[in-house]
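As written, the chain order gives the labels A, B and C, with residue 1 at the start of each chain.
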Amino acid sequence: MTGSQYYGPLLGPEARSHFDEQLSLTRQGLIELGSLVTENLRLAGEAMQENRLDLIPEVRKADLAINERYYELERRTFEILARQQPVAGDLRFLVSATRIVYEQERSGDLAVNCVNMLERLSGFPDLPLLRSLLTQLVDASAHTFQMSVDALESMDPESGVRLDRADNEVDTLVSLFYAEIGKQAETMGLESAIALSRVGRYLERIADHAVNIGEHVTYVVTAEFPKPDHVTPSDRP
Amino acid sequence: MTADADRALIGDTGPETGEPPTPPRFSLDMAARRQAAGTDAAVMFEVDDLNVHYGDFHAVFDVSLDIYERQITSFIGPSGCGKSTMLRCFNRMNDLIEGARVTGRLRYHGTDLYGPGVDPVEVRRRIGMVFQKPNPFPKSIHENIAFGPRITGFKGDVDGLIEDSLRRAALWDEVKDKLAESAYALSGGQQQRLCIARAIATNPDVVLMDEPCSALDPIATLRIEELMQELKETYTIIIVTHNMQQAARVSDRTAFFNVQLNERGQRMGRLVEYAPTGKLFTRPDQRATEDYITGRFG
Amino acid sequence: MATPVTTADVVAARLTGRRFRPGELAFEAALLAALLVSLLFLIVLLADILATALPVFRQRTLGFISGELSPTADRAGVGTSILGSVTITAGVAVLAFPLGIGTAIYLEEYAPDTRLTRFITTNIRNLAGVPSIVYGILGFAIFVRFISAVGLGGNVNGRNVLAAGFTLAALVLPIVIITASEALRAVPAGIREAGFGVGATRWEVIRHHVLPSAAPGILTGTVLTLARAFGETAPLLLLGAVTGFFTLGADSSIVDRLTSAYTALPVTVFDWSRQPGEDFRALAAAAIVVLLVILLTANSAAIILRNRYERKW
């Protein structure tokens, strides 16, 4: 059962009923919210890569909009649940939507936390290897989160597994990043080291949220959560 | 456990194809059937390849399922899917319809109800029924309940039996002072509870309910649903309902029947899926079931 | 599609205008006229009869009602006739009701819906419409001969109240079957289902629930049928109801009375209305009044009984 066939086209003229339209709108809302988070994440990444402190207020402002949307979408989803008494696939989708929307909002907050660190240090230290790793990490994290948005678009049952694999790359990069921080700790000072390691942690957790979203998509379509084929030592939220 | 087991019980079919399920395995082994269904409860009825014809019209096609003791089983499905016909097979009420013919096996505590020498009157004394429109006798409340036991030769304390039946039907407090009054003076919900009391007065172990709440207002409906949960401790209940939410709220297991056109273009009812209610309403195996319960058809 | 006009004034104008509908009034007037004309017929008829009968009642009401037939107008009474009619009606009740109600129960509750059953039902309906004189001919051909053959013919070769009772019973039998069938059919199916549902046999369901429920209807039908039988004239004329004067000995036995000559009230009316003279015309009118009073009483009883039973549940 593929996604778009199962959940109706996004507001196409073939939308069969009022309820289908509501489901469709909900899914669209999730995709939009996810896209906003991805965008803001990339913006935060840009700020961090080029030490552009002027972008920080923009990131914060964008996150306010994200929070608004989150409240709105969650509220609407609860209304649909109350009024339509959904069952089976519809129920799985709507309950998962409330969870997905939370994961997305948290991810948005984590992006803001990153630029908070940037602000605290008034710019990251200019250490090339470190910067390069940071860039890669940001890209990987953003890419993974984008994958979660794509999963919402495609409703692919394999999403959970695929995102889990993508997350492994992020975990690898985070380990390298920490190692480099360790090496450069004396050079940049303790405060910077701590701040940067927190940034690493935030970016890793964004990817974890993305994995959760992917797993929810799998659950909605197949009625089962994907079995973990390895246990990650990192703490999952 | 349950997904594979239930699929095995009713016959396998791919969710996408929507082909008719392969004929279910017919097993004499009670333990195997119980295990396949994932429950430890004893089996009250075993239905095997049951078919019902009204004259030429093939109303119900090849149904096989087990009903478990002291559980509430609901039959759901669109109109014309044969769920009421199916229900009436359990107490041989179809006998009363001219031209009705039942083939296959329906065993109750091991005895085939349609076997030779089985007296339908005796069957109905052990398997009670409540109907869609409340139908108390045009007599007093007392007489309504006393009638059944009396004709089955009850010799004990009639008043005590009446009080017990009315208490079990959650009606005693409301009518204890007016047992001699006409049953028609009661409200619709009360009349239906009176019919339930009447049905259990003959001490059956099964109560069949054919859309018992469809003529009642929502409050009366909820009271009867509450009552069913109490009754289930003593009686096995099978309920036909066109209200899916009711089936979801009330039943332990749900059987979904659907209408199919046979090769002659006639409508036939057949069993599509039979599973624990929680599972059927969160992750049904059959596409047709999902479409029906989500309101995409039917 | 025009958009609805919602201005308050327009709505008020539309709702309150156009109250005069001539077609409606004309139709209602025509129906009322039909009623009045029908009533007029009856009233005129009754008034004429009452007026003609008045002299008899002014003279001797009790004597008239209890008196015997007599060739003299001053002494003729309807006592014997009433007795004859009552006997015949009682015979009809005893014969036709068990048979008729039993048949109705079988047809409605037991018989399968086959072509044969439908054929039988149709023919019963047809029989109900056969003119009563035909039953008279039948009664003469069959019952009269049968009764005298078995030695109950008395001194009139079988033309007695027994034959009359059998014949009229046959006449009303189809009607009893039909009214009883309809009363049974009016019992809601839910009651039968409920009865079967608690494990009653078919006869138990019928005896305890269907029949009691149908009883008011059957009762009403019964009384109406009896009233009809009471007023039947044509067959009795063929069956030897005496139109002149006759008397039975004061000490004759019951069997004698049952097997000998008899007469009935409608026949007496027929006879007296053919006699010349004012006196007999008055007598005929008086007899008609008695007949009407009896029939009205019977019908009223039916209505009262029906109301009483229907109000119960």
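The rule is short, and it goes like this: contacts are C-beta pairs under 8 Å (C-beta built on N, C-alpha and C of every residue); 3 or more make two chains touch, one makes a residue touch a chain.
Here the structure is a predicted model, which is why all the values come from computation and not from measurement.
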Intersection of the contact lists for chain B and chain C = none
Nearest to the mean of all protein Cα atoms is the Cα centre of chain B
Taking each chain's centre as the mean of its Cα atoms, which chain lies farthest from chain A?
-> C
Rounded to the nearest Å, the gap between Cα centres of chain A and chain B is 49
Report, in whole Å, the distance between the mean C-alpha point of chain A and the mean C-alpha point of chain C.
-> 92
Listed in rising order, chain A residues that touch chain B in their complex are 1, 16-17, 19, 85-92, 223-224
Counting only contacts in the complex, chain B reaches chain A at residues 15-16, 244-245, 248, 281-284, 287, 289-290, 293-296
Contact footprint of chain B on chain C as seen in their complex = 112-113, 188, 190-191, 193-201, 204, 208-209, 212-213, 312-313
As the complex stands, chain B meets chain C at residues 91, 93, 96, 98, 121-126, 128-131, 133, 135-139, 147-148, 151-152, 182, 184, 195, 198-199, 201-202
